[in-house]
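Please see the structure below; I have some questions.
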Amino acid sequence: MADLESAVDAPVAADARQEDPSYGEIVWGQFRKRRLAMACLYGLVGLFLLAVYAPVLASNKPFIWQPAGEPVQFPWFISLFDRTFFENQVDLFFNTLLVFGTIIAIPVAVVFVRTRNRLRRPRRAARSRALVAGIGAFLLCFAAVQAFPVQKQKEVFPRIQAQLEAAGTEVRAVYPPLPYSFRDGDIDQIGQPISRAHLLGTDNAGRDVLTRLLFGTRISLTIGVFAVALYITLGTIIGSIAGYYGGRVDALIQRIIEVVICVPSLFLILTVAAFIENRSIFHIMVIIAAVAWTSPARLIRAEFLRLRNLDFVSAARAVGYRERTIIFKEILPNAIAPVLVAATFGVARAILIESTMSFLGLGDITVPSWGQILNTGRTTSDWVLILAPGFAIFVTVSLLNLVGEGFRDALDPKLRK
Amino acid sequence: MALLEVKDLKTWFYTDDGVLRSVDGVSFEIDRGETLGVVGESGCGKSVTAMSILRLIPQPPGRIVGGQILFEGRDLVTLPIKELRKVRGNDISVIFQEPMTSLNPVYTVGDQTMEAILLHQSVDEDEARAIALDMLKRVGIPAAETRIDEYPHQMSGGMKQRVMIAMALSCKPKLLIADEPTTALDVTIQAQILELLQDLQQSEGMGIMLITHDLGVVAETCDRVVVLYAGQVAETADTGALFDHPAHPYTVGLLRSLPDRAPPGSRLYTIEGMVPSPQDFPTGCRFRTRCPHASEACAELPPVHDLGDGHRVWCHHPLSREDARALTAERTEGGWQ
Amino acid sequence: MTAEPRPPVVQVKDLVKHFPVYKGLFRRQVGSVKAVDGISFDIQGGETVAMVGESGCGKTTAGRAMLRLIEPDSGEVWVSGRNVPDLDRDALRNWRQKMQIIFQDPYSSLNPRQTIGQIIGGGLLLHGIVQTAAEAEDRAKELLERVGLQPRYTSRYPHEFSGGQRQRIGIARAVALNPDFIVCDEAVSALDVSVQAQVINLLLDLKDEFDLCYLFVTHDLSVVRHIADHVVVMYLGQIVERASRADIYARPRHPYTQALLSAAPRTDPHKRRKRVILPGDVPSPINPPAGCRFHTRCPLAGPRCSAERPAAHRIADDHYVACHFYEDTTDPIDVTASSPYPR
């Protein structure tokens, strides 16, 4: 036996203390080498932070409000969960992120930093525990926000302040840098041109365009991410089943996909949208998902057709795993990478579809999405209202596409070395 | 003068992981009418050597950084690319391991065979077709008159390999490089192809460089053998001498680990460890990490010992003839002699 | 051969697997690939049976159909006392513990997204051999050590290993479940000579240690000669000859076996033989030749061969030949003549 024991054990890449990278780490290492894609990823993170912290930058509620002789009030903080001000679930979600998300992120981040020198298995275990706990805590907070709706402030603070000060009462008030509401316009400020007070002017309802653009980031990112998550999930399940079982199941699913693809998706979207009264952005996400699931389904199917004949699948069957386990635990992790790349492009596409719908007047008029702003610009022939959201869409879509390309290249074994 | 003389060839690959010295100082020669076997395990540099001879190394990352490849006295390493093209396919031909992927699926085998003929010989299309047909017949393709117009997918693996050989030989090359020509084929087909190569060599008098990992193929077809290990020559000798009394511990280990030289069911001899990958080739003698005879001296580059009759070995501690015979003598018991 | 008679661990009776061939717009079935066409043999406990033949002879399909990785069309496969084709889904999943497989390609046979610990330990948990993930990990470590790898490799991924190391991992996965029977599907064919010797030694050791029997599917006759107790020679989905190893190599009786042995290159340059070169290719298994399937390439073929399928004649204890001329093949076609290599 001696010859065997000593014979065999020479690790491929020698050093024992230094762990070899897992597949994810290799891909990430490749991605990091692509400077442009990396910069764009930072850009996207920045965009996300802008969306989360939008109220810090722009709100007509003061952080601190203290008319002379009265106790200090914090209207901005209370307004974050005020249903009369932030009517939309998207805003409530982001505001929960802003407050509780920030609080929860700190201990999670501490765990991540502390475990960075540990070995892979304990590191992964600790990190995933922290992540699950963090997400759980966040969802609890969000549920609490839903359960206890605050309905309070109807005051328009800048106007009250002006009135009070006119009456001679000193007011101590600290506003965000942009002291405007994304929703309520100022009748005195309709159609203002670009000025120091309104960096991008105001629209036909007297709302500050920059503020609306900022809050529009929330809407666009939400639509992009949720619509794509929805259709990727749907497409992945359908594609996995078609690819794994093949034969008649596959043929049936393929025919369904062909039917869906044959219908021009934009017309379908517009037609369906026209039938829904009180469209909300959730309707829009569902509509986008309903037409877009076919492409991840086809990608996953093709990957499954390739992978299901590999020996490791036979090995899993020989060991005796259930088909469900084989499909979702053995094959799917190997098939998912190209879909995740497609998802990045998908987010960009979903944002564009929403913008198109809003532009054509089939969006959700209650939210300040970029398409809605564009639409306002179209009806009022105000070029700032067209160029500004157009530029925002352009930047976001470009960032997403460049990140997607970066990941695609990082995954491509041919491009390595 | 030898037909092909490779002197101290170095082909390195410049990658993210560092410089891979895949071929690092390989020398050998091939005479006219001779079959030279180049053997070694995966990663020993045998295919890179072959590709270097025709300068078919993907560049970057690969580069021939040193040495000479003298073909009839001309150095192919420095030959202008125009001149080199005249050599490729005309004086030196190659057949690859995978006949399935080496043929273009959208052209008939006749068209593909004629292409090289038209390129290198001053003949018109009818003549080229006649030559192609003649070649296909000579490599033993039945009903060649009709099969010349067939597409590769209509043929079996053995037939495709015959077509590849016909294409390679259509310009009457002086040297044929055969890179694992039978590895993808079944034994009975392999036997056909090897026999065909031997017959053609006798009639054409060309030199053959046969690259293989299969010592059985070497034993049955080659005149001389070069054993490569980790990008360097370990040993070179006449086939008979190499199998009879190998001098390099690696060659000895290889022969001893063959299952057909050991009594059935016995424990096979094994060489410790595994073939190192090019990024961690050891310094000095590259076999020293696995060698049972390794000493401190082996940290230096091994000297070459000339054992006579062209038997040379690069080793600090080559085995004597008697030791080698004792270690590698066939221990086969009954049957399949 | 084993001294005391034990009941066979594996018995295959008339195993058949045909793959339908469809053609045209309406995917009409126009024929079938007769990959495995009625084969029968036994494997005794502690024994290695080698199944040899050229590509397309159905040996891989046979191995996989026996384990129901491919559903066989008909026939019986008794493994450790139960007929595998009769098992329902749950019973089959349980019985898989008794029969495992080692694959040819060490690169595609390990899931690239799973750690070695998961690959080896997964089946242990599934079959309730161990109860917790920690126990599975410990057992995986023991097994890694047993196949000659470092126990700490359990947290690594397959791409970090060489071909030979991966094959050891595949072997560890197969023996982890403590099976009675393992199909080795070209398990050493893709390995370098020096690594191949290591893996063959390992397989031989494990056979004794775990009391296994192997079906060794391969085309490499020198490996077969080394590892097999019995040899089954297949040609176009049928068994042409079946005998003990000694008989096959010393006294091959089927012309195909004789040609196969003659064609295999030997590593003795002093005995260059005139090989028996079979003419032509293996015919398509979609429409295999009638009668004896070998008659299109057989040097002995007569009119009877194209008309009548030869029965398996028992010519000695444990030696069966499916050839009409089995009486005339005792002196094989000049296999032993050691003619000097012509120059």
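A, B and C are the chain letters, set down in written order, and residue numbers restart from 1 in every chain.
By definition in this document, a residue touches a chain if its C-beta (ideal position, glycine included) is under 8 Å from a C-beta of that chain, and two chains touch if they have at least 3 such contacts.
All figures in this text were calculated on a predicted structure; none of them were measured in a lab.
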item: Distance-to-centre winner among chains (Cα means, whole assembly as reference); value: C
item: Far-end chain from subunit C, centres as C-alpha averages; value: A
item: Pair of chains whose C-beta contact count is the highest in the structure; value: B-C
item: Whole-Å gap separating subunit B and subunit C, where each centre is the average of the chain's CA atoms; value: 30
item: Centroid spacing, where centroids are CA-atom means, of subunit A and subunit B in whole angstrom; value: 57
item: Chain centre separation (subunit A, subunit C; CA means) in Å; value: 53
item: Shared interface positions of subunit B, touching two or more other chains; value: 270-271, 274, 277
item: Contacts with two or more other chains, residues of subunit A listed in rising order; value: 4, 7-8, 12-13
item: Multi-chain contact sites of subunit C, meaning residues that touch two or more partners; value: 162, 164-165, 198, 201
item: Of all residues in subunit A, those that touch subunit C in their complex; value: 1, 4-5, 7-9, 11-13, 16, 19-20, 22-23, 119-121, 310-312, 314-322, 330, 333-334
item: Parts of subunit B lying in touch with subunit C, wherever the complex brings them together; value: 41-42, 142, 156-159, 186-192, 194-195, 202, 213-220, 239-240, 243-244, 253-255, 257-262, 264-271, 274-275, 277, 330, 334-337
item: Residues of subunit C defined as touching subunit A within the complex; value: 64, 67, 69, 92-94, 96-97, 99-101, 103-105, 108-114, 122-123, 126-127, 148-150, 152-153, 155-157, 159-162, 164-165, 168, 170, 173, 177, 198, 201-202, 205
item: Subunit C residues touching subunit B - in the complex, by the definition given at the top; value: 54-55, 162-165, 192-198, 200-201, 204, 219, 221-223, 225-228, 245-246, 249-250, 259-272, 275, 277-278, 280-282, 336, 341-343
